[in-house]
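Each of the next two complexes has subunit A plus one other chain: subunit B in the first, subunit C in the second.
What follows is the complex of A and B.
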């Protein structure tokens, strides 16, 4: 059909279609602006109902709420006000930009306007906390259709205005928006872990928290030095055990094994990586812990749940990571290196240890760091074998690691105790970030070396 | 070995020692793996029965010791998480491989994907709990668990899909473009279908990860073992997965009977993970054969 049509006619038709899209976007955007003055959110505190429009949310000072004993002014969070105002300004900006023939920028403005109800949703939770402090128990916050319209309408407007640039542009924008999800979530995770973790530090004191030797939630004493040291001891132990075995297994797979045998062992390693950590923990609880308990030299010195058990389980769990990364980097070593070494008269074994492994050094190091990350972060396997008492680490004593400290008490903790658990999460997060970034750095360096 | 051989002339005990060490290490790895799997299966497989899989669970009622609710919850979480994360992950991979020009944004996306894959699941659990359960007011619910798991598996999906998209020969693309197809048509009509086994591998790997995950779900989807009452209602209520069921029964087990339940659950989990692993292996082999 389009072939039959001449190009001028075709262009006219596209122009017409685009005008329809543009018009629709403008109309929907105007409705968004209108929705600013419509009922936006409904608060029910006990028996009193407040229906507030976005305009009111931005302008009123707060709610005067009378609780059974206390009464007070519940203010509206500053961020809520800002996002509500942004919710009306952004669609206006979008419409103006559409008239200025900047459809992509208009689309961005519309998408941002669609996000504002979500920010309102997040920020109003502080209203809920404030009302709860006045001893009012029955609180419900409901979002009325204008706020939902703002969310959906913003997205539809954005799609329409970018669509005027053609389907190709629209598709690219959609792919782009989706690929920004991981960027957004890392930023959000970082912000939230820091926001949730810092209040307890301010209250307890950084030195007191990091270097305090006792953790006693009932007494309100929160020192996590034993947890930090146990985590480090567990990780170091697991690496000391797991790395030699892992590297040698990788050497076996990449260098010495007959291909047929390697083809059998390789999937087994992959399977080892896929076993859920709870199963490792279950196995440790039923096999490793009793074995330690009844091992003659240790008998009467340990109940079995111990740092040693955690180290053994973690060593098994980091094996697949180390094996597969090391194997990949050994296989990437050019064959010519090995041939040169053999031609010089070195034995095959000497070639492996003097040529192949040094050449694959940076890859192996990256594998080790990845293993460190896995060991520090492991929770469910360790929780089943570590004994979970916040002692200073000793090889046969019960220990509590950073991860298990969070998982053990999260379900019932409240107040400062809960905040302290979030701070443990923050400490763990900082550890992991250091490990991660050094991994990225080293693996990048490895790539550069290979390129040379 | 003949006596005039080059190797035969000098005995190298250290070489032999190293060789033995290499073989021992490989043997240790394999024995540990087989040990774990066989131990669980030997003790658990005889307790798996149709009744075990098809009845509800109750802590007090001895007649109700099945894992049906846990299987259903696990399925809910797998399906909903994939419905959210697969479009996002595949779109990201398409953008990164087909559209993006090298620049600050692409570097940021790659860097954050890497960071995301290194974050331990307990941190995801904490984040999901504060953001999805509390701020978004989802309470501990399957949906909150799914949103948390989406973040966990996004890197897996992005990276595996990216690899398979990159493995599509560029001559295919060039051929389609020479025929006048637009970029979107080329991507959706040629590149994505050709990379389909790889995309499926990504999805199956992600499924394995979801089935095996526990720490991220402990606070977000919770530990309730009630039978689902309705499709939508279940999404907004708490429910424990198979892994959390194993964790909970193993920790609370006081009698041999309770231990049997834990063993049988562990066996079901192992079998599931094994099947998913094999499926992923088969698919990636199919991809390599092209």
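What follows is the complex of A and C.
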């Protein structure tokens, strides 16, 4: 067998194969273009059904909808129009780029064309909100075969056109695409949360919403200060209780435990992380709440469902995060530091507190912040023990947190109430973002300090 | 010559493996003693028995006697932290703590209960001067120790060991991770240190032993083959195995 790498015969073979891939990509791309004119989405408003093609989505003004009380024109969101137009322009661009021998750029265009149905999917859901305002409860949106084909076809076209560059390039591109999927989801969720959450702010007023002390959905009063403060109080309390316990547990596991005992304790803590939060809720309802209710000093001052109960249950729930991150970072502290400390005559305890923990502090802080994120976001367990009345936080009183506020009312809310719940989601999202950004910042700072 | 450390019939086992076999030696005060020998011959292990760093190794069993100034350090009543304060150790790889230079040096005195700021300042300066590092770092005491070069880090580790006022300094291949110039500086330093400290150095480098040690012990397979004045060992080895090792024919 010939080992020549550039033999003419070989080059011809590759050329032939590439032509097949290219041809296939062009055909599939043309089908995508065709799909633009085929039935794309089906809207059902109460008892009127509209089947529209992407072309129609881009051109018609909207749907006339008749509700029991009101009727009106539901307009098609601008972003939807742009994305369906992009859905036809991008495959055309891809085909042209293929002819211009720019396979990578063509692949990018095809992938983007595949994404357009997803954007349509997200933007059209705002139609749902609009219809709810017309007092129509029943609406459904179905995405028909052409839209699904756009998604699959776009990706296949991209793979084919990049494949003409060789397998290595294809592998690289696939990694890139998958990373785009994860980043893309984050971006989409962010955009959507902001889009869904902001209308209510405009209507209620930011100050009124954030600092209003009363939440009364029936009366149309939406102030979430009690919810914000309760969430903060619950999280801070859980961290104050959970952090010392967690860090000392991690020290025990990483530094002082006999290996056999550590092998026993470690899985127990991992198990704690795997327990579904509703089970924590049960535990809280059946053990913590009655215990608080009947604890002598508290008797007659509380019904048991309280901020305290939420704090206790959250403190248990943040433990596994704090323990495992702290343990990992303690184990990453070089043995040489401990040896140096012991060789100077420091006791093992002094070594732990003065060398190991300071050396692991950026990791430990990261664990604490992850714990904060877990505590702020926890919903189910807290619903079951917090009492869920939107009071200002007091340790023995019933409270409602941001998360539980959404979860309790989402199922029946409509109109402004519903939008206000989205806005609570936005506030929660901002909280979590702040937590995560500080997490990134701190872990980066830790790395810099070690490298200095 | 006054004896500082006396080792008698020392056997050390890691589980079933016997790492040291019947070691016996008298280490003189205020001299530099070198342990040489091929890898795995037990020289580092022997060094670690002197400040009981082997205690942390699981399944490590020791028989025999090690005394410092006549006190048996394996006596159950021995305070290990005080022993380690007396016998400081410098490791093969420089291992400064991820703290400032100042805190590195002050660490030892602090854990031994010195809180007075002025006293600590004095100790830090004194130790850095003893380790011939003061002039290079006096302006950056509040900077991270990890920013120093490898050779500076190792001298910092020596200064850190000196800060707890030991009278013995155990050095486990202290220059094997360093470049020749840093090595030279540390060798010069050891030359100065012998005036105040009893220094024991484990080294792979026979020229280093010949340059700095007053006495040298040659280890092979857990035993001491020969232990004598450095000059006579290198000029006139008694044992054939020693001769073959120092002339580079094995090991």
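In the analysis below, the second predicted complex is superposed on the first by the 329 of 452 C-alpha atoms of A that agree within 3 Å, B and C clash if a C-alpha of one lies under 4 Å from a C-alpha of the other, contacts with A are read in each partner's own complex, and residues count from 1 in each chain.
The definition used in the following text is that a residue touches a chain if its C-beta (ideal position, glycine included) is under 8 Å from a C-beta of that chain, and two chains touch if they have at least 3 such contacts.
Keep in mind that what you see is a predicted model, and the values were worked out from it rather than measured.
Participant: In the overlaid three-chain picture, which partner chain does A:350 touch, first (subunit B) or second (subunit C), both, or neither?
Facilitator: In the superposition, A:350 touches subunit B and subunit C alike.
Participant: On the A-aligned overlay, A:73 touches which partner chain: subunit B = first, subunit C = second, or both, or neither?
Facilitator: Neither subunit B nor subunit C is touched by A:73.
Participant: Looking at the overlay, what does A:171 touch: subunit B (first), subunit C (second), both, or neither?
Facilitator: first
Participant: Should A:249 be classified as contacting the first partner (subunit B), the second (subunit C), both, or neither?
Facilitator: In the superposition, A:249 touches subunit B alone.
Participant: Going by the contact rule set out at the top, does A:340 touch subunit B (first), subunit C (second), both, or neither?
Facilitator: second
Participant: Using the touch criterion from the header, give the chain among subunit B and subunit C with more contacted residues in subunit A.
Facilitator: B
Participant: A:358 in the overlay: touching subunit B, subunit C, both, or neither? Say first, second, both or neither.
Facilitator: The second partner, subunit C, only.
Participant: Which residues would you name on subunit A as touching subunit B in one complex and subunit C in the other?
Facilitator: 347, 350
Participant: Residue numbers of subunit B touching subunit A in their complex, please.
Facilitator: 7, 12, 15, 18-19, 21-26, 28-30, 32-34, 36-37, 39-40, 87-88, 91-92, 94-96, 99-100, 108-109, 111-116, 118-127, 129-131, 134-137, 151, 154-155, 158, 182-184, 187, 208, 211-215, 218-219, 243-244, 246-247, 250-251, 262, 266, 269-270, 273-274, 276-277, 281
Participant: State the interface residues of subunit C toward subunit A in the complex, per the touch definition above.
Facilitator: 51, 53, 56, 81-85, 88-89, 91, 93, 95-99, 107-108, 110-112, 143-144, 146-147, 157, 160-161, 164
Participant: State the interface residues of subunit A toward subunit C in the complex, per the touch definition above.
Facilitator: By the definition above, subunit A touches subunit C via 334, 336-337, 339-347, 350, 354-355, 358-359, 449-452.
Participant: Over in the complex, which subunit A residues touch subunit B? Could you list them?
Facilitator: Against subunit B, subunit A makes touches at 121-122, 125, 141, 167-168, 171-172, 174-176, 178-183, 185-189, 192-193, 196, 244-249, 251-253, 256-257, 265, 267-272, 274-283, 285-287, 316, 319, 323, 347, 349-350, 352-353, 370, 373-374, 376-380, 384, 403, 406-407, 410-411, 422, 425, 428-429, 432-433, 435-436, 439-440.
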